[in-house]
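Heads up, the next two complexes both have subunit A, just with different partners, subunit B and then subunit C.
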Partner chain A sequence: MSIKNLLRGTSVAACLVAGAMTAISGAAQAQEKLKVGVVGFYTGAAAGPFGIPARNAAELMVEAINAGNVPAPYNTKGAGGMEIEAVYIDESGGTTKQVTEYRNMVQRQGVDAVIGYISSGSCLAVAPVAEELKTFTILFDCGTPRIFEDADYQYVFRTSAHATMDSVGAARYIATKFGDTKTYQGINQNYAWGQDSWRDFDLAMQSVLPGSEAAEPLWPKIFQGQYGAEISRLSVSPPEVLHTSFWGGDLESFILQSSARSLHKRTKMLLTTGESVTQRLGRKLPDGVIIGARGPYGILAKETELSKWLSQTFADRFGTKPTFPSYHMAQAFIAMKIAYDNAAAASGGSKPSVDDVAAGLRHKTFEAFGTTIDMKLGKGQQAITPTAYGIAKWDSDTGEQTITDVVTYPAECVNPPAGVNSVDWIKGGMQGAKC
Partner chain B sequence: MLTATAILIDGLIEASYLFLVALGLTLIFGVMKILNVAHGSFYAFGAYASATAIGWWFASGFPDYGSFALMFAIAIGLGIIFGLLLEVGLLKRMYGKDEVIIVLVTFASFLMLEDVIIWIWGGNAYFAFEPYSLLGDIQFGTLFYSNYDLALIGLAVALAAGTWLLLNRTAKGRLLLAVIHDTEMAAAFGINVKRYFTVTFIIGATLGCLGGAVMAPKISVAPGIGVEVIVLAFAIVVIGGMGSIWGAIIGALVVGLARAAAVHLLPEVELFVIYAVMTLVLIFRPEGLFMRQKARKI
Partner chain C sequence: MSPAFRSNLLQIGLPVILALGLFMPDWAIFLGIISLAKGLVVLGLMLLWRTGLVSFGQGLFYGAGAYMVGILPQYLPITDALLLVLISAVAAGFLAFALGFLLRRYREIFFAMLCLAFSMIFFGILVKSESLGSTDGFNVVETSYLGFVPEEPIVMQRMLYITAAVVAWFACLFVNRYLGSTMGRLSRAIKDNELRVEYLGFSAKRAVHFKIVIAGTMAGAGGALAAIAIGHVDPEMVWWIQSGEFVFVTILSGVGNVIAPLLGSVVFEILRTFAIEYAPQAWQFVVGGCLLAVIMFLPGGLWSLIERSKEGKDDGNSSR
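Take a look at the complex of A and B:
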């Protein structure tokens, strides 16, 4: 054999061995599991409207991704070729417990990634721990803007927009549809979420409707459930617009009690998380209330192949249509799939490092279920999305809640630009907003 | 004037449902000297069972007004079940032990009952709105009130009057007062104290369940409602005096009116006004408004 032939033969053999090695590695990866901690309120007051719909979406997405059943472009099996195995952890019990649970998930149960957290308190507590443990973590639902405005993260992402969008969108909707509003008032839960929501809404109203005036806000405590005195107070001198970021059982109780006392006939009620209770309340939700969905989700969702698939598959399986927490969870799983798919492609078949996975999502823009997610804020870790508001109307023919007068606001119209603090942005007249 | 009217009515409505719960709590403490933390679970069970039964009642097409009787039937049924289960089955074995141990036993019962609620009803919230709007509403100036809320005030007044009559105008009631005053002496005079304990616990549990049952049409019945109400009920009995029926009435009125006044006049302090009042009362009357100083037994 000549040297030339020997070299040729060696090259062919090397290629064959390399090919075989890649195939073996790919097969191993295909068999490897991606263990994902999925955290949400599965018990307690937030379970019904938030935790359970989110968990249902998680179960559906895990099965669909593993089977390759999500519509294109997400119709490949698994995340980075790996089968997802979900571990469900209850978020109830406070932030200290969540930090312990997080460490337990990562260090003892060996999860590779975490998707979770409805409460802003949980997100604020867990994010530094995720960073310390270098674990790829997607915050799917919590609202506080402080996560990425007060700190920088490498491994923590949030795939839903933060709460500033809800309040700015709400104020813009009032300006768009009820531009002659002179008075407005808020009733919000007396903790971070309620206080931040009212602050942002009040500031945004002063920006978009400078002639309007805020009446003294009301601050019932979270899970109070009884709003007789507050409803009377609002009835004594009803504002033209009543803003509330109530959620869950508190929102349902407030709607039931206030509609029995005809408050909705004397003030325009603006429920920033109203979409989450539309199906549960059905016809008990009075016609004419303004509802938001923390993004263009649920009955406010734009019809796309992906959104139709989620809505139909979810309804077929759980007997009810998905609400915005389900959309938030489903889009977080899509984000995770994108991150692992990108990282697997970059790593050439071997199991990707957490840095590769994080790089696979950072600054990415992708289509989710009826909306576009743009990882634009927080140095590419925090999403912005469009949002929408509309007016609820019960359709007695179909026996379903419908929505009228929907206005969808582009993401850059209701979210601050990159590198700008939310409150400063609103106070400064929302400079650079692209509406 | 309208604000004053609103404060009065709102305060009375709030006080009425809190009184239902606090009455049962203070009755059990007065007779048995047991600080029953599980009382919050009685409220929650009453609310859940009532919401479920009302939903079934209306879905089945039964007469609308029958749903009010259904709430009472549920409260009584649950009160008997819990009374027998907890007092006869558990607490009876604890009598004579340290009060702290008995409090811990009721706390453990509370935690288990909360889990039972989740086991039976899951994490979802329930509501049964129909009875709330059944009685229509009434207008005071620009204020609309549901007649159901005003009926709650009537129910609380009727229960307060009934309790007073029971304790002061019946032989059994006077014997119960004797047990409240001094259990050992009552037993020495031949009163069957243990039977009074069982009956009192059943009545107390029924009142707790009734509070939940009548509130179910007003609220979203969700996990955790028992904790919320037991904290307020404790505040009421501490303000009024542990074990005092009059104390429960006045304590409920103080809490209800203070909260309503805060909402209307100074919303910023709504969150802590009840505890501010409680602190003030404890500074000047550590035994509560209606507790007499007890002579020390030697």
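Take a look at the complex of A and C:
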């Protein structure tokens, strides 16, 4: 056999060997272990701002829960007495891949529960599969309210509030703090998240500030990165409030490019996911922009034993403070621990059934890191939480980002009541909101 | 490769894939359906490839088939999987027929780019359609099988697998027949010298148009099968990265035989799944590395390995 033939053979074989290996090793697993699939964007544009902070939080939580190091009342070891073993799966590559990998996790790798999904598209696609395979699944970060409004689930939960809250909270903050606002405009990425965010914000503004008027929204495409034309247009006739649901690299680029041209001095910038870039931008984030965190997280978090613990241990280990995706992930782990602890108490020690585990979380209210989580919507499967907005201010003495004028809105003020469709709720003037 | 071996392979093909469906573990069934679905698209690309055409927009027809499955049951009381796949395939075929009038006039990079352009227009329309869930997409209704709705989800999966296997097998038979016909044999001639084909009295444009329609129809069927299996459709099925993946698998498979696209598709799905499991942060690197290795050491694709082992000749490309 010539060298070339040998090379041909080995190159192809190398590609396939990995495959054969797991087919054999995949099945074995110990009974006392709780194998959890943890899915998020570990590659691509959403990895830096969301995926990696979430994965870091997951690693931290797995170790802390296994060692019993989380502060009370979560200081017992393991989930339902079982040691957690995490399997990390990348969310990049589209929904076909997500569904394939979800099935692989459950059917081949023998995963007991899944925590994951940052993209709403992934959540929508995976939820029916989770239900079909009867696997306890916590969606930790994705935003769309459609998941529990378009369908009913037994085994799928979401422990963060859905995106309606972000836009309603933002509009309420403008009404509370800048009640004389007459004009507002949006610049949002041209895909589902941006479209939904603007729609909800616009509707909520019409409800809380009926006298205000929206200018024609701008729709740059996602991952555009260059906003020269948009910034020029906004500079010509700046609105009083500029709403954006940009995230990650797009948000960072937009902030850097617009602050270089002093746009933030001519318009009140409202960044609904702004908190996720505070650690990366540092003092490059201009003072005076309004930032949200998709809930009361990060610098907007309430000071509690639990939130202080998370912030401190995370900073010690990873050298940066946790941002809201880390909080979303950490609270999903707490929810899973609660579900398994409750189920174990009900089943008396043996590995609990998935129905027991789901019942252990359904309709429950619990304290997470700086917020209370109430599994109130979607027949007890979808959480509502309070939310907070504030104004960024760089503290040059300590070299840290601080926040002023924080307003926290109770969960029932910014989330629709149970059984009501989110868009209808905002359109109908947010009936039943308790502020 | 001898024609006898090729036709033997085709004759035993269907029973073999069906039998595999009975013995495969649960997790492999889904992988099998997706491989067959994408294999159909690659089969169409193979047909174009042999004519010297590469489409970087095959996701257009794949996505069109998928969205048909998503939208059709909302307006008509059709839930039968096979019927849905056939209707979607025909619809995608019509789309390919319409676009073919323009596409057939171009070759090489211009053909590739025009295909890409059409697919991205469709992508843009879908992203702008909030009623279709924009980039989030929407869920597909549950399907039935010849009036039978299985209770157990795994039975459902196996039924769909059988449907996919039957569709893929018929597609392979058809393409094999077509390649053996005069029009099919023109593929190579068009690739080599179009002018001579015209002098022979055939219309190269018409031949190319027909291939575009076949490829589009099969891509539509593939998209429909994938949509039913996944239970969800979104614009990513139309995106250029999806189209690129199909071209990737075509190169990986090789264009030597009608079975090659299906085999290549299976290998690709397995490779990707295990790459993701073992290297969640570097799986693209592994997949890309394998493509590089295939291009460098196996220019005829994976199929050339089988060909060589059967006949012991060291020729990467098959003659037909």
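As a working rule, the second predicted complex is superposed on the first by the 404 of 435 C-alpha atoms of A that agree within 3 Å, B and C clash if a C-alpha of one lies under 4 Å from a C-alpha of the other, contacts with A are read in each partner's own complex, and residues count from 1 in each chain.
Methods note: a contact is a pair of C-beta atoms (placed from the backbone, for glycine too) under 8 Å apart; a residue touches a chain by one contact, two chains touch by 3 or more.
Everything quoted here is computed from the prediction, not taken from an experiment.
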| query | Can A:Val129 be said to touch subunit B (first), subunit C (second), both, or neither? | reply | second
| field | First, second, both or neither for A:Asn190, with subunit B first and subunit C second | value | both
| message | So in the superposed three-chain picture, is A:Thr43 touching just subunit B, just subunit C, both, or none of them (first/second/both/neither)? | response | both
| field | Which of subunit B and subunit C A:Thr144 touches, first, second, both or neither | value | second
| query | Which holds for A:Ser262: it touches subunit B only (first), subunit C only (second), both, or neither? | reply | first
| With the two structures laid over each other on chain A, which partner does A:Lys284 touch: subunit B (first), subunit C (second), both, or neither? | first
| task | With the two complexes superposed on chain A, say which partner A:Pro416 touches: subunit B (first), subunit C (second), both, or neither. | result | neither
| said: Just to be sure I read the superposition right, which of the two partners does A:Thr95 touch: subunit B = first, subunit C = second, or both, or neither? | reply: second
| request: Scan A:Ser253 for contacts with subunit B and subunit C and give back first, second, both or neither. | output: first
| field | Residues on subunit A lying within both footprints (that of subunit B and that of subunit C) | value | 42-43, 190
| task | Would you pull the subunit A residues touching subunit B in the complex into a rising list? | result | 41-45, 47-49, 51-52, 190, 216-221, 223-226, 228-230, 232-233, 235-236, 238, 248-250, 252-253, 256-257, 260-263, 266, 280, 284
| note | Within the complex, subunit C is touched by subunit A residues 4, 7-8, 11-12, 14-16, 18-19, 22, 42-43, 87-90, 92-97, 99-101, 103-104, 106-109, 120-121, 124-125, 128-129, 132-133, 144, 146, 150-151, 190-193, 195-196, 199
| message | Considering only the defined contacts, which subunit C positions touch subunit A in the complex? | response | 25-27, 30-31, 34, 127-128, 130, 133-139, 153, 226, 229-232, 234, 236-237, 239, 241-242, 267, 269-278, 280-284, 286, 290, 293-294, 296-298, 302, 305
| field | In the complex, subunit B residues that touch subunit A | value | 2-3, 6-7, 9-11, 13-14, 17, 118, 122-125, 127, 129, 132-133, 137, 142-146, 148-149, 215, 218-225, 228, 259-260, 263-264, 267-268, 270-271
